[in-house]
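After this come two complexes, each holding chain A, first together with chain B and then together with chain C.
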Partner chain A sequence: MTTHGTPDGAHTPMNDEHGSTAVRLDQGHIQGTGGIPAQFQNPGLPPHVERMSDIDPKAAKRAELQVASMFILSILGSLACLVAYFVIPTHQQIWIPAIENGNLSHLAIGLTLAISTFFIGAGAVHWAKTLMPDQEVVEERHPLHSTPEERQAFARALAEGDAAAQLSRRPLLKMTLAGALGLFAIPPIVQLVGGLGPLPGDDLSTTFWDSKYWTNGKAPRLMRDPEMTPIKASDVTIGSVFHVLPEGIMDSEHPLDEKGKAAVLLMRLHPDQIKSQKERDWGYHGIVAYSKICTHVGCPVGLYEQTTHHLLCPCHQSTFDVTDDCKVIFGPAHRPLPQLKIAVDAEGYLIAEHGFAEAVGPSFWERG
Partner chain B sequence: MKTLAAKRRHPAALFVLLLAALLTMGTAYAFASPRTTAAPSTAAAATDEEAGKAIFLANCASCHGVLAQGGQFAPSLAGVGAASVDFQMGTGRMPMVRPGVQAPREPRLFDQQQINQVGAYIASLAPGPAVPSTEYTEGGGDAARGGEIYRVNCAMCHNASGAGGALTRGKYAPSLRGVEGKHIYEAMLTGPQSMPVFKDTNLSPTDKKDVITFLQEVDKGENPGGYALGNIGPVPEGMFAWTFGIGLMILAAIWLGRKAA
Partner chain C sequence: MSTRTTDGLRAGDSRSAATSSSSTKAGAIAGWVDDRTGLAKGARYIMSKVFPDHWSFMLGEVAMYSMIITLITGVFLTFWFVPSAGHVEYNGSYIPLKGVQMSEAYASTLHISFDVRGGLLIRQIHHWGALLFVVAIVCHMFRVFFTGAYRKPREINWLIGTMLAMLALIEGFAGYSLPDDLLSGTGLRAAQGFMLTIPVIGSYFVYFLFGGTFPGEAIIPRLYSVHILLLPAIIVGLFAAHLILVMVHKHTQYPGPGRTNENVVGFRLMPVYTAKAGGFFFIVFGIIALISSLFSINSIWNYGPYDPTAVTAGSQPDWYMGFADGALRLMPGWTEVSFGGFTFTYGILLGSLVLLPLVYVLMGAYPFVEQWITGDQREHHLLERPRNADTRTAIGVAAITAYCVLWFAAGNDIIATHLSLSINDITWFFRILFFVGPLLAFWVTKRICLALQRADREKVLHGRETGEIVRTADGRFYERHEPLDEYTRWHLVTGEPPVALALDSGTDHNGVRRPASKSERRRAKWARFFYKDNIPPVTPAELIAAQHDGHGHEAVAEIESGETTSRH
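== the complex of A and B ==
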């Protein structure tokens, strides 16, 4: 079992020229002698190997036929694509293994086009590899700069032009031209920045629930999304979840923009299950309303598990605990979901007397 | 016998033996599994409720309690109604095959008459939602409106094309493909497991009918072309592109870089 180089030392490089051989860890510090040459020799290219098609004319003929048959396959693919386009009805469904139901027309067009393009490329590559010359060639880089004479001539031409235009002699012209050119750049920049749209103002901090959007001074009712019908407190049974929008949102100027901020999730828990006094106070007999916009990056937090009372955001798995004021219990979100304070109007419908106490959705610059 | 004795030292012998043992154990377990308990014949019982009670005592009471009062592992069934029984037993979720975070959909064990009898028994304990009328469960509603309601109320868990999706801690929203309209209606009505309840005060029977119609349209499974990859969104599609697309490109690069022989 003992071989050279083992610690019991049948053979060690101890007496070799250090610096040109490997040093073992147990040999301690060994001063090298600089055994590496100052410059390595260029090993050059490996010897050229002739291909079968270079030596044997039969092999060359075979390669030619292979390339030609690839091009013919491509031609057949193109023709088949044209046939498929005109012959196969556009809505015919067929069962394809591993894909299951699929549209026959799209499948045939895609496959034949793939054959058509692929075999042009494959044929060209095979041609280049088997028949085109493959001798290794070295091309030296040549200098890019001009000759000294050309450079001097250019400097002279520049100096002559300067003198002829009297640019250095008349500083007034120089200054005004510089000013004109500098100012000329500003209008396009202003237009570009202005074209980015108006400043957001308080758009990010307000929602359609806020009193400034109320119609004839009445607190908006909570409406079912998408039916837009009002919700009675008695409609909301324990374990239910309602997807809610503010009354009148569809009549706003930009309903989709408003929906993106004002969407609300309404749930009913047993009041004893709610741990947060503020959540109980802002709700109504265990009915609580929370913003549906995730505080992480604004996805709709819609996955409510009625057994665990977890609200899950489908985008990044942020999980909020509805029994504890929608605090974050998992995932990348940083803030709890804002709660909407709800009440009941004279007719028994749920209303929101105030907007959200804080901005909904993800963080932004001014919010921090 | 001699050849068999000679082969016992063959390297594959261990694996063959293991496989045989596993197969035997698995088959034996499948026969011994409580799921195959035959339902007692109930034809002799006088009323549906009594027959249902007999089935309940034989198959459900070990977890739900002899009075359906619930137990350590299972909820009380007072007030869940015949709709809940029809959903849970009709989709094979109950009797539950094995303990777990969620009862999976299984081939059902009881015929519709037996399920109705258990439903009648459970409904006699306390009032609860009844099995919906076929008027609302067979489709024929407004698929476009149903799609809109579906996308607001259902799609976040069950996926925009009804393919299902993951919830927290191993729970999941099941696929809605090929589910009977009746069972979809009952699930909305009763809120099984993690699913919230969508009572008629939230989604009216017509709303539910439209959702069922929409899902029936989805079930037709028309595919405009291409590999749907289960219709579960961008993650598998990206995964497919990364593994197969980039794999193919690497193979092509290797081919391009090789010298011809």
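== the complex of A and C ==
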């Protein structure tokens, strides 16, 4: 469009070539001549239309009865709710199609409560709509801002306060007060933050597999989760997957915290399916162990597709290729899952001779 | 004063005045209170305040009521819930979990669900109320946005609303994490994962917040005090300020006959609005109670206690966290760099800790950006119809589209399995859609708005189509159009003309031409972008012309040709 009227909202004068009736319609805000207003005028409130209940006392009475019945319904709902609470035993189950939770007490209390509350509301709204005045009222708006005098008075009061306190006159007070106010909040904040938690130290880079957690100097066995039984290399058949935890983890001080870092998945592949020499070396006859904690944001990677040898994280679908050192082949994770180097002890059980060579789980700044 | 009100009491303070002015008991109590507070004046003022009526104004009310319901049921829950990660063996009446090791938080939530009579109902009302709270806030925000209700003088209330929306989300997430079931723990684990990606201080931040290693035993009690004390206090405080500002500004209204920028047309708080709004509280309560009794949400007993090694397939957060989850899924994995022994995972950081506040910062900033573009410093108490503010509406729809793409991306696995598509393809589709979708949405919305504007013009110029076909004497057919009455017409011709920019007045006050500054020119460009397609409302002169002009057919043709030529 070419014209919209000039900045202040005034209207473009008509083109000469057009008469007073043949107005160009594409220009907007065109002023006609001959006393035609520039814009339509607000016609004012439309005439009020009376409701049935305003004219007909019978209709009004009917409305009153309707409202009262809704209130009575609510009263009945509340009473029924009380009865349901006291009469129905807590564990009574019933079966209702399409409803997952068939606890009778829950259903009865809930439905009666719904009736008790809903019909108060329905009654009140119906009352307002049928019996209360429905003629719209007009209230004027007033400018929000204060008058210039009030603003000046405010500025004066501020200036007088400043003068009385001699704030501007004594910069020393101003500066020291600002300093004191600026600093006083810091000690409480330091107290709060300082008391919150231990420093991370190397905690994120260690797991319960590390030698510092070994009991009597023995490398921990790989244990089935949750049975906590050791695993013989011969138990691990091709295609199977074991959820594994380090031996002794349940006796640690905070088993959940340790599990969140030390959980491992154990799988067996045909050695010649394995594409990475390091993976083969750190495994045992095609048995490989990888951290179960996703390198994305830390969900347990728990879905193993036997045919493709892919590990899938259920949280955001990062997919790791077990045949290729658990590199990411799809999804938002960046790093491969760390591998746990395993061996077999004298009795034929799988053990981990070292902890992980790198931090498990999500990335963080100083992980390297 | 024509009628005696209770504040008549103040005048004499004599016993007889008091008794005569308040013959009823309620009056006597009111008099007692007013003698000590002087509240009657203010209360009367508030009771007679006028509120305009429109269904879309109820969205904010729904938010308010679901918040109140959530607050009340939350207090109930505190009486049984034990905010502790301390370990216990479950011994309650839910058989499948008997003997299982779990946290006290989880055990007490099971206790509420199975052994406190009506306890499950309270939990369900709390959770459904929380969901409705967030939904209602979002819908309320849409209403405010698309009608331009945030314009001067209501920018502060828009900012407060933005903060409320964000806090509601965080409050909901904190609550969702409390029961310490498998899903809530998995959500917390992800949150811990993205906090770890904060550059330099990530691990410190996490260890301070969680009191050490994840999950630790500190996070549940800490989240508890955030959930039941800190955030509710801030939310209630902001909400009070929000309401007070609504009172101070007086509610906006849709344009219509008799409604102007200088008045409010509606019903008084007492009795009509009290009855309608108060009644509406109970309606919302009733509906939440109904849903809560029929549809189970967060059946934590099915998930089991949190265990960092237990796998949850198809785990989904509460709906309002979906967009952040989707952003994490779409972010490609190469968004991590390592240098000199440090790792910076900017992708995850962007998709989570940056995205969430960014959404709210953009939202909060919008009114100010628009004001800068339009140069509009007037007070606006009349709402705009979304179609008439085509660019704003299109921007809004584009933003919603981007949000929805992320939200649907959070279900990429579900979509993949249900439609038997490759998840790789779906993820790529969403990645591209995230950039293309909003542009497309902008364009389409704008076209629709302009078409509606044109249709409005048509209707004013030629009246309503009656569906009656009339045959003229010379054998031509045309449809009879009935002219609009002035009340109907007014809806289609109101609208404040845009404040165009004072750019071309490139003269200073001495009348010397000065070149427009760079920022002014930039602003003018944006203003053109904002207004260029807008079709101004019909003027009386145009209507007269159209009526004179043989059913106005030529005139219409002229509009259209005029438009096409000027657009080239």
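The definition used in the following text is that the second predicted complex is superposed on the first by the 269 of 368 C-alpha atoms of A that agree within 3 Å, B and C clash if a C-alpha of one lies under 4 Å from a C-alpha of the other, contacts with A are read in each partner's own complex, and residues count from 1 in each chain.
One rule holds for everything that comes next: contacts are C-beta pairs under 8 Å (C-beta built on N, C-alpha and C of every residue); 3 or more make two chains touch, one makes a residue touch a chain.
Bear in mind the structure is a predicted one, so any value in this text is a computation, not a measurement.
Using the contact criterion defined above for the overlaid structures, shared-chain residue A:Phe364 touches chain C, although it does not reach chain B. Of the two partner chains, chain B is the only one that A:Met52 touches; chain C does not reach it.
After overlaying the two complexes on the shared chain, residue contacts for A:Asp225 are found with chain B and with chain C alike. Put simply, more of the residues of chain A are touched by C, taking chain B and chain C as the two choices. When the shared chain is aligned, chain B and chain C each come close enough to touch A:His106. Residue contacts after overlaying the shared chain place A:Ile72 against neither chain B nor chain C.
Contacts of A:Thr308 after superposition: chain B is touched, whereas chain C is not reached. In the superposition on chain A, no contact is made by A:Leu173 with either chain B or chain C.
Touching of chain A by both chain B and chain C, each in its own complex, is seen for residues 99-101, 103, 105-107, 110, 125, 129, 134, 225, 243, 300, 302-303, 314, 317, 330. Residues 148-149, 152-153, 156-157, 165, 167-168, 171, 173, 191, 193-199, 201-202, 207, 221-228, 255-256, 258-261 of chain B touch chain A in their complex. On the chain A side of its complex with chain C, the touching residues are 1-2, 4-7, 9, 21-32, 36-40, 42-46, 85, 90-91, 99-101, 103, 105-107, 109-111, 113-125, 127-129, 132-134, 136-141, 143-144, 193, 196-200, 203-204, 225, 243, 245, 254, 256-257, 259-261, 263, 292-293, 296-300, 302-303, 314-318, 328, 330-335, 361-368. The touching residues of chain A, when paired with chain B in their complex, are 49, 51-53, 93, 98-103, 105-107, 110, 125, 129-130, 134, 224-227, 232, 234-243, 267, 300, 302-308, 310, 312, 314, 317, 319, 330.
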